[in-house]
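Structures incoming, each one as structure tokens.
Look at the two complexes coming up: chain A is in both, with chain B in one and chain C in the other.
Let's turn to the complex of A and B:
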């Protein structure tokens, strides 16, 4: 078993070193990802100010600012699955042939290729911002809450990568998967709470969305840590999320099983 | 001079025909991309509707007036992306295929504008236009002269932003040999244009007027449309826009001198 893991560990190590070589790129990525969420901080500050109130639908301005900064931090991981770009390049440029003749699973190699950049973004982009939000916002966060948040982030990570894997697979049939990937990312932003917290939507719409994978990308992790979502609802969401990961994993397995029969590599 | 202008317009239109035919070869994909561009307008509609649903909104702007700003912003970014997409242009230059453009007897900026844009962004122009018509249909007492003037200001502001995008893409090529971050920055700037500039404070207003001039084509035309600015200020904004358009054009031509052929 040790020998089975060794090549993957080596591949991971190489990828990690590769990513560290582009430190400026990573820092710029992090800053720009945060900026897109910060626009909503300005918008909501203006809305609270004009309304002359400190609370809208039970959410204070401080909580709202913290929410959007938190969304920016979470977006570093869930905003765009790198796996899509890697798969499209492999399939279009024929590099997939090189991967498939290796005595390693292509899908595992894909995930390992994307993992180092995700780790770097999480450690240097997400965690410091989350800590700053908690400290400066004076939020009381228990160990239990942190544990649930970590589980939710893992669920979101698996979800977005499994969805990304299925979209990337479509590169076999399409000249580019950019359109689908961008569309899915936009839907996740709207329905996932990156634009407005789901608490502001009507009860029926919010409850329905909570049963889908969308809010795992932004609303559920940010809402849990900031106390917008009660602990009991967060625990229910974890159960829903695990079920979705299982469903998406089965779907991805079937999609890949079908797609890999149609791969035509012409070089690489 | 007129003959030169006609030749440049001809080559631009011919390129449009060619790129549209190439784009429409994959019909399902083309339709998907166009619809994806419309999601941006949907996101603006959702955010503004929720903001006005739970709060009093933004000071000085009614719900439909806010929709009009967001509609102009969506149309704006659609038109800019239709003509210039930094992450398409920079690879063309880096791979050396830009040589072919420079050997042709046309203005290189016209060739850049005719070849490096994304046809799918027409989706943003369509959805933005629909939202603008919807917003205006729900606002009573619109002054037709103010409306016509604001659309003229929008056209001028959009031309300025297009030329700014060309200039910044060329600068990005010269400095980094990459257009990715400029594209990203342009996308963020277009998101900021969905809302009145005053929410970003004085520094933000100045930045989004002269630094990253998205306000020239969305915010100020919307202000004029609803007669929130007077004649003198409008003329000032139009002059500033025209001046910046000229400056960005000259700077773009200058930056083209730094193009290094990579083969191709």
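Let's turn to the complex of A and C:
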């Protein structure tokens, strides 16, 4: 059945070419994503200055700035998934039809549609920023740490996009998923450590959040590379993160299997 | 197996709602409704057949096409397309079908030239390069795409884009092609080119085509017509059967050696056009049988005449009128 990976490779290639037609949009988006994270840098600079201390909960100002710049770099590829907007449009406007007539899974096509932008963001947005943070912050980074960080970035990417896919699926039943998407994005930011590092939260809250997928989105990858999270914990997190991705993938498959029967693309 | 498609007693209903006017009405006056898009549809399509699926807006044609392509799931009934269940075997099925969704859901990438989409399709269906080039040459020649397919899609006219959409659906030589209102708004030369391509592909590959359209010219060369109304099949057969069932009149054109008054001919039928020495009129078939036509021709001033069959548009209109009359009798309502 089918032609294996070939259709997906063809889809990726054409989507990459198609996305390059919007170079200016991509560059502006990249800059704005970084700027939104810089706001937190300024907030923390003010907080340290106001408190008159050089360390808060064991984190120096340099480390804190590095952390939020790193969160900004992670957001460049995980961001708030474009997948939700794309799905909502496809389902509401009937454009899903053009994906369903191709010999490929709709889910994979959605991922491939967003992936070229994610890759461009990663290469031209995330990597330079991460290198700058490491160099100017004098962080000691081993190849092993970089490998773990890359795997954690992938875990974060799939986690956010799989949840995004399930939220996007709700467009079959709801007039708009925009409100839910924004609400969930806020939860991700707070519980994922994109606004306050989880180390700043009370032990009980932090421990509870560590049992959820959220810390894998920002806190764990950024914390791993900057040494906030010990190597042994980071390795353990990779295993748990992969398990979470597997659970979310099964859940997304189940949700879509149910939802697609109720697609209501009436008329032409 | 001679059938490309077998549809048995298929039902499809959608949940929808109506609201009262005004903000309060929208908030509190919402009434849920069930719209029956397909109401027990059954018919078959033979391999290599070119079938026109006709019906007014909202009659269920597009829903049926989406069911055939595996995009929608039927509430009940059975659909087999090329021996497969379209919804459950979608990925396997779409290897062998092509779909043109008109201008509403284009396959072409708006910011890229059509050749990029064609190349994407080559990769998607793993079409060998030499076969792809042969196919492309064939379509470029047949649909006059030479100066079109390397230009950015957004710069093309609707007719040019639709010809390229047709290529997208046919490049991989599918066994079945579904064309859902693919010629809406398309200029005459492009429509004719697409129509000729349909017949050529049927001859070349034995491709089966299902064409939904409101453009009567599109059905001139189809093998069979299925007419839908309120989600049901209300007519199924060839054009000849349609003519025999719904032909209410013939069109007669008379040419005279002098200027004539049309009122003199009003007793024979309805005068459609009168222009001095030319009269065009509509006459019921039984009037011809009663020799009124012969009587008309006895007039020495008639120098020539022509008897025409009613147009397909007129026949279809008669069909719709007959359906409305029957629906009124049976009390059939929308939805």
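One rule holds in what follows: the second predicted complex is superposed on the first by the 262 of 268 C-alpha atoms of A that agree within 3 Å, B and C clash if a C-alpha of one lies under 4 Å from a C-alpha of the other, contacts with A are read in each partner's own complex, and residues count from 1 in each chain.
Just so it is clear, contacts are C-beta pairs under 8 Å (C-beta built on N, C-alpha and C of every residue); 3 or more make two chains touch, one makes a residue touch a chain.
Since the structure is predicted, the reported quantities are computational estimates derived from the model, not experimental observations.
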item	value
Partner chain(s) touched by A:239 [first = chain B, second = chain C, both, neither]	neither
Touching partner for A:176 - first (chain B), second (chain C), both, neither	first
Contacts of A:21 with chain B and chain C, given as first, second, both or neither	second
Which of chain B and chain C A:260 touches, first, second, both or neither	second
Residues of chain A contacting chain B in one complex and chain C in the other	none
Partner chain A, residues of chain B touching it in the complex	26, 29, 32-33, 35-36, 39-40, 42-43, 46-47, 50-51, 53-59, 120, 181, 184-185, 187-188, 191-192, 195, 198-200, 204
Chain A - residues contacting chain C, complex	1-3, 6-7, 9-11, 13-14, 17-18, 21-22, 94-98, 100-105, 260-261, 263-268
Residue ranges of chain C in contact with chain A within the complex	14-16, 35, 37, 57-58, 62-63, 66, 69-73, 90-92, 94-95, 97-99, 101-102, 104-107, 109, 111-112, 116-117, 119-126, 180-181
Chain A residues within the chain B interface of the complex	28, 32, 35-36, 39-40, 42-53, 56-57, 174-176, 178-180, 182-183, 186-187, 189-190, 195-196, 200-201
